[in-house]
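Two complexes are shown next, each including chain A; its partner changes from chain B in the first to chain C in the second.
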Partner chain A sequence: MAPRRPKLAVFKFASCDGCQLTLLNCEDELLAIAGEVEIANFLEASRAVVKGPYDLALVEGSITTPEDAERIHKVRRMSRTLVTIGACATAGGIQGLRNFKDVHEFVSSVYATPEYISTLEASTPIAQHVRVDFELRGCPISRAQLLEVLGAFLRGRRPNIPTYSLCFECKRQGTVCVMVAHGTPCLGPVTQAGCGALCPSYHRGCYGCFGPMESPNTASLGARWEAMGAARPDLVRAFRTYNAAAIPFRAASEAYEQQEP
Partner chain B sequence: MQPGDSVVIERVVLDALLAALRERGYETVGPTVREGAIVYDEIRATSDLPAGWTDEQEGGHYRLRRDDREALFGYAVGPHSWRRYLEPPSLVRWRGRRVDGGFEDDLTPGPPPRYAFVGVRPCELAALLVKDRILLGDPGADPDYRSRRESAFLVAVNCGSPAGTCFCVSMGTGPRFGPGFDLGLTELVDDARHDFVLQVGTARGAAVVEGLPHRPAEPADLTAAEAVLREAEGRMGRSLETEGLKERLERSYENPHWDEVAKRCLSCGNCTMVCPTCFCSTVEDSTDLPGTRAERRRIWDSCFSIEFSYVHGGSVRTSAGARYRQWITHKLATWHDQFGVSGCVGCGRCITWCPVGIDITAEARAIGGPAEAAGSRP
Partner chain C sequence: MSSKSRSRTIKVDALARVEGEGGLTVRLRGGKVADVKLRIYEPPRFFEAFLRGRDFREVPDITARICGICPVAYQMSSTHAMEAACGVKVEGSLRALRRLLYCGEWIESHALHVYMLHAPDFLGYESAIHMAADHAEAVQQGLELKRIGNELMTLLGGREVHPINVRVGGFYRVPTRRELEPMVKRLERALDLSLETVRFVAGFDFPDFERDYEFVALRHPDEYPFNEGRVVSSRGLDIPVSEYEDHFIEEHVPHSTALHSVRKGHGAYYVGPMARYSLNFDALPEVAQAAAREAGLGPVCRNPFKSIVVRAVELVFACHEALRIIGSYEPPERPAEAVAPRAGTGHGASEAPRGLLYHRYRIDGSGTVEAAKIVAPTSQNQKTVENDLWHLVPSHLDLPKDELTWRCEQAVRNYDPCISCSAHFLKLEVVEE
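Let's look at the complex of A and B:
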């Protein structure tokens, strides 16, 4: 008898679905994935749900509601290995911008009947609620990195997902540094590699979609941005995007916000 | 024609030289303008070269500028080095396929690429010789490097346009080339002339030149070439006092200045990725989803990543200061013990391409330099 295929489940919390869509976008590899795992619970692909427990859970999205703060514990209990995918799940996502403001003000100005809305003060990453076995960064995640994590899981090996800076990727590709050669502010030196240095290869500065690298020196990079003409509010905005609530980026944006321009 | 001879070729003959190299089966690689910088890529004719371009370089700063002399080599080194071709950033070292009861090799290596590097600067030629000690030495010789290196044809170009971050004079590697080239050029360009003094370095170089229009170099040509180099020597943007530097660095492992550098250092790895003598790589094994194929790749690594110094139980160098100290003391001190030569050739790339402009010459002065020279600039 063939060995039982591991059961894969995909769970969604507060997110745009782009990261789980990356799984569907695997196109060429999708049949291979379906051959190696039993896609047991993946609502974006099929309404048919095989009940847990699951061998591997891919969790997308952040925790923003009291219901989700409960639900993530259920997901954890029915998952042997839990991998969070994307900036929402690993750092709180773009909705982590609420963490810097009063969410009730948003609710009362956006919704006709604010009392129907039950939401938390802050958007938080999954790892703040339950034990996470591996975090895959990105907004959205990289298809190649997702396949690497799946391949590593299936073979029981450690995935090759580096945590060093984006600059490693630019230099290996031979992409000319946009900061040094063009004077374009770039978050690459403080951002984790993984996207293939997409923006610099199109002559744009890195936006930090993959979140802080392993030892981000945001103060030194920020000082350089200022020397290149960036104002403090520019720095606050740069650190406040998809990974705004990641601790090093959060600390940087708050520091620049507090300083006089 | 034999090694040691010097002739003069006109600018147009450079196209014939490129064609002759291509006819001999070389892929001609050299400087070209791309993405606002002078990088290395395939060049088919002199029209691919950065004619009339020069560069402006400072710590963390690089800009191309027009230069009406229309020189073909009127600039210093850019972000790329020949390392890209001799030690590719990502190289498959092994590939295997699962078969019944085991696996079989599934990588059929093709013939090594045959490159002709056109425009190898003296500092880069020196860097290649440093690399040869490391990668052709025993033990640890790298067969892939050997096959690429041995088939490479080197057209060196003396440097008449050092940049603001250059200090090859301090390192004894330029601006005039030492041995190791097949052909060596010195560009002579002014209102009256645009030609090249061509020095023959090897017999295979001589064989190429014999088929090209040339005339013997007159004393006036050699004097003009010498004047270009004399002038370049005086225009080094940086300097580094190497006398006693190794010993001073070796006494400075606990220097508080490492923490000061750490405040600026991004640990981004750019300095190591642009350095022509850095050689560190890591090996990554990967598998496909069904587990039927596996692959081992060698990719460029850097001592600035935390993983780099991972040993059982954790990383040895977790602070940026420790990593910077490792890098600079290896380059300027322990490299001598390991390979009998400095790991720095004074090309200035690590200064220019550091996003925050950390300057190896200034840090070496601050850490291991004579107190009276601290902070001084040439």
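Let's look at the complex of A and C:
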């Protein structure tokens, strides 16, 4: 008898769908993936749902409602390996901006009938609720890194995903440093590699889609930005985007907020 | 027992093959439809609230994150709104490049919907992956077409999901003629595949179902609409984008899940490919018009199940338009126009793959956002989707429940609904059943 194919499931929480779309964007590999794993639960692609437990769960999105805070435990219980995909699942996502404001004021400013809205004070990463086996970064994730994670899972090894900064990618590609050459503020020195240093190759500064690198020196980068003319509120906003709830970025944005004149 | 005396509920807990999370409930009593609810339980993300206080230049990147399937639409509606607020108009090659980027998104998004999300309904498969077992060639064709759309977005935008190259005023870096050149062969291939797509979907079986919709879309004097034009309707509306909120409101319906967009004094309306097509058929190039005729479409289409054919015709248009733009491309002198902030309000509307996407922002003199409003296509179509089901279900009551449920799902998927987009302004109902 042929060995059973591992069962793959994709679960969505608060998010834009872009990271699970990255799986559908593997046009050349999609049918091959479908041959190696059983796509057991992937609602964006199929109405056929095979019951759990699942061998691999890809989880997109952050936890923002009481119902989702319950649901993630169910997902964990029926998943042997749980991998979060993207900035929402890994660092709260752009909706994590609520964490710095009064969410009740947000509700009443967007919705006419606030009592219908069920929401939590904060948008939190999956790992704050359940054990996570691997966190894949990015807003959105990189297709190549997703394939690496799937391949590693199928072969039973750890994914090989670097945690060094974006600067390594620029140097390797021979992209001229936008900060040194043009004085363009760039988050590359504190941001994890993974996108292929896209923004500098398009003559703009990195804006931090992949979240903090391993041991980032945000204070040193902030001082450099200030020397180039950035104001404190600019630094607060720069650290407060798609990975605002990631600890080093949150600490940096709060530090600059307190220092605002 | 006759079917007329029974009370039945058709419930789809989680709609598949849509972007985002939604469910559907149709209640039947005495052979009649008693209630239709398209439920949205996608968690709200409060974009309009946290955009306040951000710099106006950050808004295109932030609003892109509303939707991973149509980020360019959000980038385009927001950049145009900001430029309108600041009194800048982007013309010439930069304007053409924006259309070219949008072509990439339409190709990617329409190919995804036609082949991966919608065609399986017509052919009776749970998904495109199941469909591939019997229709490998068609699925490969769809994936190739989608890939070419993604290649165009990646070339101009850096990547296909949340492109990084769009800014208020234009782009960070513009391509050279030489960089665009390799896309010509790819797009010629995509044009062939699109024509093949029209023939493929035209052969499906379509339910005999038409409704007299009020179609709403942009209309431009010289071109099939992407980023510019007046908001027009099939019942005589013809207004500038800046007057949108004078004519359309989001109405709160008791016990309903959503704010339903309606045209004031007129009710539900229809946005999306079928509206664009029916209001702008004359602006399509001959190759697209001919493909439509060959597929049996007239200049107006009112059968929502045939929206898959209209999407295929728009694929032909997008490939043809992309080739036209590349053929006459001269790189602009600079990658972006300078846009200095000034206090004021700006409106922007563009044609997302799923239909009209309206943005309004108020900014202060330093460029800080003071107010934001975003109305997505799925939010505007929601009432129309429910109305379709009110009309569709009674004539299909003889179907076994499984088939009727599937048919209802298909009717929702006619709209390529993007629930991730709509949840930022739709009411959230927590359904406990």
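In this section, the second predicted complex is superposed on the first by the 259 of 261 C-alpha atoms of A that agree within 3 Å, B and C clash if a C-alpha of one lies under 4 Å from a C-alpha of the other, contacts with A are read in each partner's own complex, and residues count from 1 in each chain.
Just so it is clear, a contact is a pair of C-beta atoms (placed from the backbone, for glycine too) under 8 Å apart; a residue touches a chain by one contact, two chains touch by 3 or more.
Nothing here was measured: the structure is a model prediction, and the numbers come from that model.
With chain A as the common reference, the superposed partners chain B and chain C fit together side by side.
Among chain B and chain C, the chain that touches a larger number of residues in chain A is C. Residue contacts after overlaying the shared chain place A:A48 against chain C, while chain B stays out of touching range. Contacts of A:L198 after superposition on the shared chain: chain C is touched, whereas chain B is not. Of the two partner chains placed around the shared chain by superposition, chain B is the only one that A:V180 touches, whereas chain C remains out of contact. When the shared chain is aligned, chain B comes close enough to touch A:N160, but chain C does not. Within the superposed three-chain model, A:Q145 lies out of touch with both chain B and chain C [touch as defined at top]. In the overlay built on the shared chain, the residue A:L30 is in contact with chain C alone; chain B does not reach it. Residue contacts after overlaying the shared chain place A:T84 against neither chain B nor chain C. The superposition of the two structures on chain A yields an angle of 110 degrees at the Cα centre of chain A, opening toward chain B and chain C, reported in steps of 10. The overlay of the two complexes leaves chain B and chain C separated by a minimum Cα distance of 11 Å. Residues common to the contacts of chain A with chain B and with chain C across the two structures: 203. Against chain C, the residues of chain A that register as touching in their complex are 12-22, 24-25, 27-28, 30-31, 34, 39, 42-49, 64-65, 67-68, 93-95, 97-98, 101, 103, 105-107, 109-113, 116-119, 139-140, 195, 198-199, 201-204, 207, 209, 234, 237, 241-242.
The touching residues of chain C, counted against chain A in their complex, run 14-21, 41-50, 54-55, 58, 61-62, 65-69, 71, 112, 116-117, 126-130, 132, 139-140, 143-144, 146-147, 150, 158-162, 164-165, 167, 171-173, 252, 259, 335, 409, 420, 424-425, 427-430. Within the complex formed with chain B, the residues of chain A that make contact are 29, 32-33, 35-36, 147-148, 150-152, 154-155, 157, 160, 162-165, 167-168, 171-177, 179-182, 186, 188-190, 203, 213-215, 217, 219-221, 223-224.
On chain B, the positions that touch chain A within their shared complex are 34-37, 39, 60-63, 79-80, 84, 89-90, 263-270, 273-274, 284-291, 299-300, 302, 304-307, 318, 320, 352-353, 355-357.
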